[in-house]
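Input: structures, listed below.
Same chain, two partners: subunit A is paired with subunit B first, then with subunit C.
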Partner chain A sequence: MTTLIVLSALGLVCLFSEILGFRKLLHPIVLIGLLASFVTNLMDWNNGAHLFNEMVVIDNYSVAFMGLMIGITFIWCLMSPDFFTEPSSETDHFALIVFALIGTMVMVTFANMIMLFLGIEILSIALYILAGSHKTKLSSNEAALKYFLMGSFATGFLLFGIALIYGATGSFNLAAISSMISEHHEQNSVMIVAGILMMMIALAFKVSAAPFHFWAPDVYQGAPTVITAFMSTVVKTAAFAAFYRLFIHTFSASPAIWAPTLMIISGLTILVGNITAVYQTNFKRMLAYSSISHAGYMVLAILAMNQSASSSLMFYATAYSISSITAFAILLLVSHQTGSDEIRSFNGLAKQNPFLSAVTLVAMLSLAGIPPTAGFFAKYYIFSAAIQNGYLGLVLIAILGSLIGVFYYFRIIIALFKSESEEKEIKVNTLFRVLLLVTSLAALALGIAPGMLAGLI
Partner chain B sequence: MTQLAWLIPVFPLVGFLVISLGNKILPKQFSGVFASLTVLASFILSLAIFLQSPETGETVFVFDWIKSGGLSIPVSFLIDHISLTMLLIVTGVGFLIHVYSIGYMKEDEGYSRFFSYLNLFVFFMLLLVMGSNYIVMFAGWEGVGLCSYLLIGFWFKNTEYNNAANKAFIMNRIGDLGFLLGIILIYVTFGSVSFDDVFSAAKTLPDNQPVITAITLLLFVGAMGKSAQIPLYTWLPDAMAGPTPVSALIHAATMVTAGIYMVVRSNILYSISPFTLEVVSIIGMATALFAATIAMVQTDIKKVLAYSTVSQLGYMFVALGVGAYSTALFHVTTHAFFKALLFLAAGSVIHAMSGEQDVRKMGGLRKKLPITFAVFAIGTMAISGVPPFAGFFSKDEILARAWTQSPVLFFFLAVTSVLTAIYMFRVFFLTFYGTFRGTHDQEHHLHESPPSMTIPLVVLAILSTVGGFLGLPTVFSEHHFFGDFLKSSLSTPGTMLQSEASHTFEWTLIGVSIITLAGIIFWAFNHFVKKHRIPAIQETEFKPVAKLLYNKYYIDEIYQSTFVKPLYSISNFFWKIVDNSIVDGLVNGVSKSVVWAGQTIRLVQTGNVGFYIFAMVFGIIAMLLYNLVF
Partner chain C sequence: MENVTRVIQLIPLNYYILLSTLLFCIGVIGVLFRRNAIVIFMCIELMLNAVNLLLAAFSSYRSDASGQVFVFFIMAVAAAEVAVGLAILTMIYRNTGSVDIDHLNKLKW
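Let's turn to the complex of A and B:
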């Protein structure tokens, strides 16, 4: 709980800094605040609590995901100093990011449908604005508008679903709903079925699963790259943590209602994400499709519904976030200095800048799921959890999808070693050097000793 | 103190990382010294743990490596008397060889690369002997194989050396496959790969279980590859292409004894499958004799030593086969001392001869290289089993144990022993006595090696002299230090360890061997020095038997025509017919269709929000219809 208070205070400090005139100090303050919230969050480990009349529950599951998201946000803040140096909107940007983070915190600790809705909205509204934060750029504006239009459409479904379920069970409380569904054998009641499906649609939208993924490529490409990085790591992790929590804690008694549909969604997402990514020549857009396909894999953890599912989801989210944030940091560097996010900009990088191409290599291998990187064990754990619950066919599709995935991740790797070089040297400053080194080493460490994280929750 | 054991492999790993990453920044001299210091640090730590001597095995947990379902494989180290023995050998001899290499490799352009590989090797070797489960051991096993490959082909500009490296790698791969299958079978049978679980479960099993026989045979296939036993031995003589310190460290003292270590480690499994033990002793005996006969006529000084290593490894396997595990490890220890000594001394000779390795071109080096001469003499006496040098005691013990098991084994080992003395003194006299037979230039350049090379030689010579006293036979002493030390870690039923030969037999054995050796030395001196019988340069001048031996029984040629050539034609078929037309066609077809699908699906992403919402609504209606109506 302290974590949420610390972050909220941090958000307010950001807003006041403009008036009180300590704007220049804001970056270090935010970093310190994030560290502080990380520490207070860790203190809740094995020290769970139910708060506010069962509105919020803190357990190891939430602590692990909150730790991951705060950690990624910390790295993210370090890698995007340019984003904040725009004087007119510096404070807004910081405040919005902190509020978005608060939204994600609520999304992993909710014990009540209302809190879920609040969390998603706190996050989404901040994101709508952030997506359009390149005010002078048409594509950024387009992204924000598209995101807002479609996001509010999805929110409608979420609310409708909550209302239907409330109508059938008379409660917003997850535990109460869960016991109502299992005790009263109302699985077949139209209201419950429709309610669960509506909520699933809304959450599938948030995690960008097919066929509700259409917003993702356009928004990811149009939004400023740093915001895309934030969306495809922290936001995606939060959406999955919420998705998992809702379906496992509340609807696990009646998987017959939602599991077959979710299965189709998962398979479809994996295939659409991977197959479309094959044809992309733009790195940022390729990462957007790759992010869609990863959502498909992570849905498998929800379907697995067993002991190892939550820790495998956690592992996957960690591996994916680390590699993805590395990839985006690299994209920031390359696009900033060559002026384009096309895959072509990576041509011949291996000769010019061996360090940068080495970390690119690790990130791509990890995203593709090739040992000895974290991505391999992430996929391995999630697939084995799904197989234990009998989803062999779906796992075969997922493996097929990963094979296709190798093609486009390796396209980057091949570009690195192409001889035709654009002769434009890409410089990496010390901060980025350290950041990239740390994230790459983390991806390798998790691939060599996955036991460090697996089985944590 | 034991809990710090995880640091032992970390030191050389750090050495490897620093030297290989800092290759361009660090001064050249630094890498040799630093590499040696890291191994020294490991040695000191091992020694400290050894002096503290934990009574029973202690497991040091480092981190969880693989955890999935019921399978949990931690990286953890087992520190008991078996691994401590190996630790001291690997780090101790390893350190001396590192120091020696500083002098030996001084002029080489790949100086830093050499030391980084050497440190990496020590790291993997330590992983191999310290691992507390078969998977960590296997990781080390593969790692040392890799380093062996890298170091054999160290001078990679020479195609022949690269071929030797490939040969070693491929031969080892065959053995490794056996080892891997063995590990898988262990996991299937016992549900675990940790030594603790497997051995405590195996203790309760009766003898002669077919599955245990299969496991032990498969593990032994691994040992045959790594420790160069028939039929997988041919890579070791070729491995002499690597720099001489590599031959000493990897292909004599440490890596090739990994197979013996593995069998000793799994002694419980072997003890309950007598059939495998019989196979082990027969293969060991055959290898010992076979390699010794080849060594009789070889003229390359390193080749002779290589075949003698194969032969001595055969000895060790016989010891394992008769259940004398601690004796085998005793011979590993003394062999590490005297064979490292012989290789390094040979290196010193080669160094002085400007790269010449043919004993026919040497001769009379005794005066020019006094230290090398003295230490080579000690090494020769140690390997031939002249009392009181190290080899005498360990060999004597193996012979005595073989006698209690089967006189046939004993007989063949004794013959091998005689052959060993003959070929070693042949090389010794040809190299150091008589007149110089090389070119004028070589004679001009002859010089004793620098102190960085001679000091390790002297230390090893001292160890080869006194090393045998670690395990005095029962006729001299009640106390067999080495055997007692290992007893607590060998959990084999007592009967197999206690079958000792009678004192009368021991005395006879000692007496006969002294007389025989004296005879051999006298004959060899007479033959090679007095009568100047130098082996012929031309192959055609050989007698048929010598020709057969000189060509190593044509084993390489037989392998070439029975395995390699057919394999090539099968590969050719698969490449040209199966791969090129069938597989490639399928793969290209699939990839083309994926690209086509990507191109098509991409078109759905129009950028039009109206269309997106239409598609979403379409999906939602389909879902609701599916779930509510049907």
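Let's turn to the complex of A and C:
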């Protein structure tokens, strides 16, 4: 709980820094604040609590996810100083990022539908603004509008689902709903079924699972690259943590209602995401489709519904976020200096800048799920958890999907080693060098010694 | 308060559910088929208000105040959302001179 208070105070400090005139110091202040919240978060480990009249519950699951998201945001803040140097909106950007992070914290600690709704909205409203933060660029405007319309449309579904479940069970409390659903299997079943399915649709929208993924490629491509990096790592992790928490803790009593539909969603997401990614020539859009396909794999963890599922989801989210943030940092460097985010601009990078291409190699291998990187064990844990629960067919589809995935990730690697070079050297400053080194080493370390995280929660 | 609850309960609960579902569907259809961004906003508001009506009805039938408290949360959040949405729309109008979403096709769907 201290974590939330620290972060909220940090957000307010960001807003006030404009008036009180310490804008220049804000970047270090935010980094220190994030570190402080990371530490206070760690203090809640094995020290769970139910707070605010069962509104918020802190357990190891939420501490692990909060730690992951604060850590990724920390790396993210370091890698995007450019985004924060526009003098007109610097403080707003910091404040919005911190508030978005608060939204994600609420989304992983909720024990009540009200908190779920508030968390999703605190996160989304900040992101609508951030997606449109290139005010004069039409593609950014378009991304913001599409994100806003799709996001609030999904919120409508979420709320209708919550209302129907409230009507059937008479409570917003997850534990009460869960016991009501398991006690009265037959009563009010239409309302419960409709409610659960509508909430599932809304959350599938938020995690960009097919067939509700259409907004994602456009928004990811149109938004500023740093914001896309934030959305595809922190936001996706938070959405999955909330999805998992809701379905495992509340609706697990009646999997017959939602498991078949979720199975179709998972298979479809994996296939659609991977196959469409093959056809992309734009690196940013390709990463967007790749993040859609990764959503499909993470849905498998929700279907698995067993003891190992939560830690495998955690491991997958960590592996995916680390590799993804590396890929986006590289994209940021390349697109900033070549002026384009097409795959073409990676041509001949291996000769010009061996360090950058080695880092790209690790990130791509990890996203594709090839040993010895984190991505391999992430997929392995999720697949084995799903097989334990009898989803062999779906896992076969997922493996087929990752084979297709290897194809397009290798297109980037092949581009690195192409001889035709655009004769423009890409410089990497020391900060980025250290950051990229750290994230790549983390991806390799998790691939070599997965036991560090695997049995954590 | 007692009085209001009694008045609400004069109409059977099913009627409320049907009405809200109908309003919600009108909102969904509006979002899917209208082309003017402001009308789409209004349809989203219609969806949210259908939910509010449903929550208020359930809450008074179950004599449980938490449903009505949720309505307040929804209204507050919807207001914040609309503020942001209209700001985005103003930004787009400045750049393109239109609020027709068909004009926004720089990114392929």
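Criterion: the second predicted complex is superposed on the first by the 454 of 457 C-alpha atoms of A that agree within 3 Å, B and C clash if a C-alpha of one lies under 4 Å from a C-alpha of the other, contacts with A are read in each partner's own complex, and residues count from 1 in each chain.
The definition used in the following text is that contacts are C-beta pairs under 8 Å (C-beta built on N, C-alpha and C of every residue); 3 or more make two chains touch, one makes a residue touch a chain.
Since the model is a prediction, treat every value here as computed from it, not as a measurement.
In the superposition on chain A, contact of A:V272 is made with subunit B only, not with subunit C. Legend: residue contacts after superposition of the two complexes on their common chain; A:Y380 is shown touching subunit B, with no touch to subunit C. Of the two partner chains placed by superposition, only subunit C is touched by A:L118; subunit B is not.
Look at A:D218: by the touch rule set out above, it reaches both subunit B and subunit C.
Once the two complexes are laid over each other on the shared chain, residue contacts for A:W45 go to neither subunit B nor subunit C.
In the superposition on chain A, contact is made by A:F153 with both subunit B and subunit C. Touch criterion met: A:L197 reaches subunit B, while subunit C stays clear of it.
In the superposition on chain A, contact of A:G170 is made with subunit C only, not with subunit B. By the touch criterion defined above, A:F74 reaches neither subunit B nor subunit C. Judged by the document's definition of touching, subunit A residues 146, 149, 153, 214, 217-218 lie at the interface with subunit B and also at the interface with subunit C. On subunit B, the positions that touch subunit A within their shared complex are 63-69, 72, 74-75, 591, 594-595, 597-599, 601-602, 604-605, 607, 609, 612-613, 615-616, 618-620, 623-624, 626-628. By the touch criterion stated above, subunit A contacts subunit C in their complex at residues 113-114, 117-118, 121, 125, 128-129, 132, 135-136, 138-139, 141-146, 148-149, 152-153, 155-156, 159-160, 162-164, 166-167, 170-172, 214, 217-218, 221-222.
The touching residues of subunit C, when paired with subunit A in their complex, are 17, 20, 24, 27-28, 31, 37, 40, 44, 47-48, 50-51, 54-55, 58, 62, 64, 66-67, 69-70, 73-74, 77, 80-81, 84-85, 87-89, 91-92, 95-96, 101, 104, 106-109.
Subunit A meets subunit B in the complex at residues 146, 149-150, 153, 157, 190, 193-194, 197, 201, 205, 211-212, 214-215, 217-218, 257, 261, 272, 275-280, 308, 380-381, 384, 388, 404, 407, 448-452, 454-455.
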